[in-house]
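Would you mind keeping the following structure in view while I ask a few things?
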Amino acid sequence: MKLPKAVHKELYYKMLLTREFEQTAAKLFIQGKVHGTAHFCIGEEATGVGVCSALEKEDLITQTHRGHNQGIGKNMDINRMMAEFLGKETGYCKGKGGCMHIADFSVGSLGANGVVAGGMPIATGAALAQKYRKSEHITVCFFGDGAANEGAFHESLNLASVWKLPVLFVCTNNQYGMSTSIKKSMNIEDISIRATSYGIKGIALDGNDVVNIYQETKKAKEHVKEHGPMLMVLNTYRWMGHSKSDAQLYRTKEEVEQWKEQCPIKRHRAYLLENGIFTEKELDAVQQEAADAVRAAVEFAENSPEPKIENIFDDVYAD
Amino acid sequence: MRDITYAQAINEAMSEEMRKDDSIIFLGEDIGVYGGAFGVSRGMIEEFGEERVRDTPISELAITGAAAGAAMNGLRPIVEIMFSDFMTLAMEQLVNQAAKNRFQFGGQGSVPMVLRAPGGSGTGAAEQHSQSLEAWVAHVPGLKVVIPSTPYDAKGLLKSAIRDNNPVVFLEQKLLYRVKGPVPEIEDDYSIPLGVADVKREGKDLTIITYGRMVPRCLTVAERFAEAKEADIEVIDIRTLVPLDKKALIDSAKKTGRVLVVHEACQTGGFGGEIVSTIVESDAFFYLDAPVKRLGGLDVPIPYNPQLEAQVVPTEEKITAALRELL
Amino acid sequence: MKLPKAVHKELYYKMLLTREFEQTAAKLFIQGKVHGTAHFCIGEEATGVGVCSALEKEDLITQTHRGHNQGIGKNMDINRMMAEFLGKETGYCKGKGGCMHIADFSVGSLGANGVVAGGMPIATGAALAQKYRKSEHITVCFFGDGAANEGAFHESLNLASVWKLPVLFVCTNNQYGMSTSIKKSMNIEDISIRATSYGIKGIALDGNDVVNIYQETKKAKEHVKEHGPMLMVLNTYRWMGHSKSDAQLYRTKEEVEQWKEQCPIKRHRAYLLENGIFTEKELDAVQQEAADAVRAAVEFAENSPEPKIENIFDDVYAD
Amino acid sequence: MRDITYAQAINEAMSEEMRKDDSIIFLGEDIGVYGGAFGVSRGMIEEFGEERVRDTPISELAITGAAAGAAMNGLRPIVEIMFSDFMTLAMEQLVNQAAKNRFQFGGQGSVPMVLRAPGGSGTGAAEQHSQSLEAWVAHVPGLKVVIPSTPYDAKGLLKSAIRDNNPVVFLEQKLLYRVKGPVPEIEDDYSIPLGVADVKREGKDLTIITYGRMVPRCLTVAERFAEAKEADIEVIDIRTLVPLDKKALIDSAKKTGRVLVVHEACQTGGFGGEIVSTIVESDAFFYLDAPVKRLGGLDVPIPYNPQLEAQVVPTEEKITAALRELL
């Protein structure tokens, strides 16, 4: 299956947008403009972008704490993302959620989660509603390798399997849960074999190959609609520390460097050039577009008002 | 009005709402042909089918979270946790997800779900099947918490809980399931708003504030005090812990000047502290003729032996003694 | 491997003792002498008896709510079991635990559990202590097919696996969790394949063949000491209702009858006779012995004092 | 005495006890080379090795239960839950197993374990990483509950917690980790018994009862009242919620006649209700010159925005206002 040019552009743009967004956010951190913590997915852009770009608007996703690529993949508005990052009233969560809790129900994101594996039961339930309503759409549940050791993983995959719910479980295996290597947190090498326990299909993919991820997601969606849940493991790597402060004593510089050579953006660019899909110049323009969008987002966010303390009780309860 | 059991009242509330609103689904362990561990859902799978009345694997965390996820996506799920003790397995999804979802996403979604679970001791089910954990959930903003004491209240409050757009923890009382009481005919679609306490007995000498299965027990004792012309005791059933009808409690305290708070849950850290504080923080403080006292369960796990089990919660004797101390 | 005659006798006796104990307990229920509920393992005697008889005293077990066979297998005193059943001061838990919480630390039982899968993390921890202390002994963790869908199952097997703990996970698959058939609670036929997710060995055995269970447990113990955890699934059937009150609408009488033909006690008896290990008369005597022991236990229990209310605060805290 | 941080004090308590008692092991997520999310255990894996300082998979339920199981089998585990919000995943094993084990088995075993977890807001970690859930565990018989407010208390109380033969929930305060305070030299093996409140400031006009990170804040306000000669305020740090030093609270209430209870946790259903009740149920009731008031956190999830976040807990301004209302 060859991808249309527009899709290639979309994938390339969204990956760049993610990276630009995060690099900028990281700078804002250093400048002390951001409160709290943040988890960057630099190096993993192909996962969320590849998967979400293959979805339709009405398909749903649940995101992880490391999910800017997922949100951008699903067409979230980076102005509102950045505003939320800065805790502003115009942010997705009116400044109440922050970067661990960005959501955009209007584009099908049921939100990022601060709890490891916390989105897994929720995705299962969202898919239950889809099935109940005989929807043609599916739910994609993102989670990490570390999350695969939570009870919520097991219960969710089992429940989705016995009910044949249209949910695609996507494991972003970046080799570590915080400082803990998968070698120390599980006694298997291929996380996708855990599908066996639920009688469902499991596949493991190169998580830095955005084109393949996109294509496999299209297929997976059909599988999931017809047969129920599936487990897709995307093997990748996180370049930065786990969160704001991380001395990274648990891994070697060499390991990081090796993975950097697998940069999903560089790879996609090389692919696009090699196959004559875009020219250098065209790709540079895309990059510029991403940089401009992020600059505008920062401006939007910085010029946005702070939330008001008198609204603090809003949305604790719905009417 | 007919007399039906508390269990039947709950069944009717669910069934009637499900007939009217196909966005309501019902999840839980053995709620189908088994009818639930306490028979509450008997007949429902036959009426509503397996798509709407769903037997689940034994996975409390996932089914609670799945209810939340389905609620975020347009359904109005009811989830039954077989014993409220097993909410301990579901707290993450209930507290971190369902309760906070709307707020943390800036009001984008809502989580209209009901988590039903029976609590309380008295059935010989011992330590791990007899707890009263309402104080935990009452401490979590975003949740509403209901504990009905009569079939009438159970049905009316559950209807409101199901119609509410927030996660509601609806805590039933095992020992009340078989108790009968008057409930309007099925045609008569009534509901009871959340957040309104009910004066189950009017009185002027002392106010008992209580809820759940301690309500009938306190009423029995109050009647005895009336018969003996010993005192005229008001019994207030708070019915919903969150929202709490503070005004009703404060007003009654002002009227009688004496307050006893009774609940089955362990006294230390129980919801009684909230009730006491509500009163003594208010201007009712200046009307009090005696200390406000709590009579909660002993601070021990619920034992198996029936004599011991009966003694760890407020008995009629203990309530009587506590009243005499205050009068 | 041929078993010594004494072992055969032990297996036969313990299975009979379990059945006799439960049938008697069920009668006490009907007579209203027992409070609360009870979960009987009639039809499943070979599981707990076969496994526990293969253990040494210092090996530990965690039991399920349906665990009389496990306790009797581990040489618990049926007098104290029966006394606990009746809620008496002389019971294992001084009347405070009841039949869902029988334990005998002195014979290596860390106790039965009222929470489905509740014993699984505990067994894992007990085995961690064994490994830390370089003990030669292992922990056996009993749980049911229904429990295999709890998050605690997943987390415990994974943890035990990454730490190579000496714990044997024994799943008594009696086909149902309460009213829910495994066909409705999981999408696999052989629970032992869940071992794959943890990179450990999994086997499934005929759960009504006490001799084979005994032999396989001996082997499993060696495996576990050397390689860490293992999952052993014993396929069997519960003859009675789930607990005291169960209309059993979820299964057919035929299904129950078919399984009754697989009675583990009858099968063992036939084996013993066919192989000339014991005579009819000898086996009848064993049966009589079991019946006498249970009768004595009831007498002991009925003549025992009730616990005293003034001791209610004992053991809430240790000094 | 040297000045060390609260985090360092906790590290020292664990390390010193581990040196003396090889039955102590330490389990948790990223407690090894990472040193724990807040750096509390830095250096420990280097000293004690991987057998005793064990990085775990992300499995809160299993690691809590494994600590209980190891405790039942002769060890004295310490388990770290990275944020106390994730105790929600571990409540089953903590509450149904660890807390009830000894009682339900008639005293056969004991469960000497410590569950350490940081609570509280103020770090911008938002709704799911900022809760104060001490009221839940204080409601569970069989558990002890500690929240230290200074490095000195943290070290001394943690030593007692580790030596205790019961499951102790030791709740640390994120915002205090970097705060320094005087702590005796390492050679000086002191400990502080559980169940003894500490008068952090003596006063005669009003008693503030508080704990955790609200202690320094209340002290600041109290000093300001003293400087302004506005009032002489006593500040009591309860330090352990269970066992609770009731006598200390009651005596102080009798002495000053005015009581303000301050905590960060949401006010509704918080432990403040227990403290208020302890006082008004006692004979201190008759010495009170004003209602006993609570000042807890607002009943909202903890928001992300720093200004909002700061306002949902008792601020110096709010404490000041509450004091003026009572005086």
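When the chains are written out, they are named A, B, C and D in that same order, and each has its own residue count from 1.
Following the convention adopted for this analysis, a residue touches a chain if its C-beta (ideal position, glycine included) is under 8 Å from a C-beta of that chain, and two chains touch if they have at least 3 such contacts.
Just so you know, these numbers come straight off a predicted model, no measurement behind them.
J.: Greatest Cα-centroid separation from chain B: which chain?
T.: Ranked by distance of C-alpha centres from chain B, the top chain is A.
J.: Between chain C and chain D, what is the separation of their C-alpha centroids in Å?
T.: For chain C versus chain D, the centre distance works out to 40 Å.
J.: How far is the middle of chain A from the middle of chain D, if each middle is the mean of its Cα atoms, in Å?
T.: Averaging C-alpha atoms per chain gives centres 36 Å apart.
J.: Taking each chain's centre as its mean C-alpha position, how far apart are chain B and chain D in Å?
T.: One centre to the other, that is 30 Å.
J.: Would you pick out the residues of chain B that each touch at least 2 other chains?
T.: Within chain B, residues 56-57, 59, 61-62, 85-86, 89, 92, 96, 103-104, 126-128, 141-142, 299-301, 303 contact more than one other chain.
J.: On chain C, where are the residues touching two or more other chains?
T.: 93, 95-97, 101, 113-115, 118, 149-152, 155, 158, 162, 184-186, 316
J.: Which word fits how the chains touch one another: line, ring, star, complete or other?
T.: complete
J.: Spell out the residues on chain B that touch chain C in their complex, using ranges where they run on.
T.: Touch residues, chain B against chain C: 29-30, 32-34, 37, 55-62, 85-86, 89, 123-129, 298-301, 303-309, 311-312.
J.: Applying the document's contact rule, which stretches of chain A touch chain B when the two form their complex?
T.: These residues of chain A touch chain B: 60, 62, 91-97, 101, 103-106, 110-111, 113-115, 118, 120-130, 132-133, 151-152, 155-156, 158-159, 162-163, 314-319.
J.: Per the contact definition, I'd like the list of chain A residues that touch chain C in the complex.
T.: So the residues of chain A touching chain C come out as 149-155, 158, 161-162, 184-188, 193-194, 196-200.
J.: Please output the residues of chain A touching chain D within their complex, sorted ascending.
T.: 35-37, 84, 87-88, 93, 95-98, 100-101, 113-118, 146-147, 149-151, 177-180, 184-186, 246-247, 249-250, 306-307, 309, 312-313, 316
J.: Taking the touch rule as given, give the residues of chain B at its contact with chain D in the complex, in rising order.
T.: Interface residues on chain B, with respect to chain D: 61, 85-86, 88-89, 91-92, 94-96, 99-100, 103-104, 126-128, 131, 133, 135-136, 138-142, 241-242, 244, 265-266, 268-277, 280-283, 285-286, 290-294, 299-301, 303.
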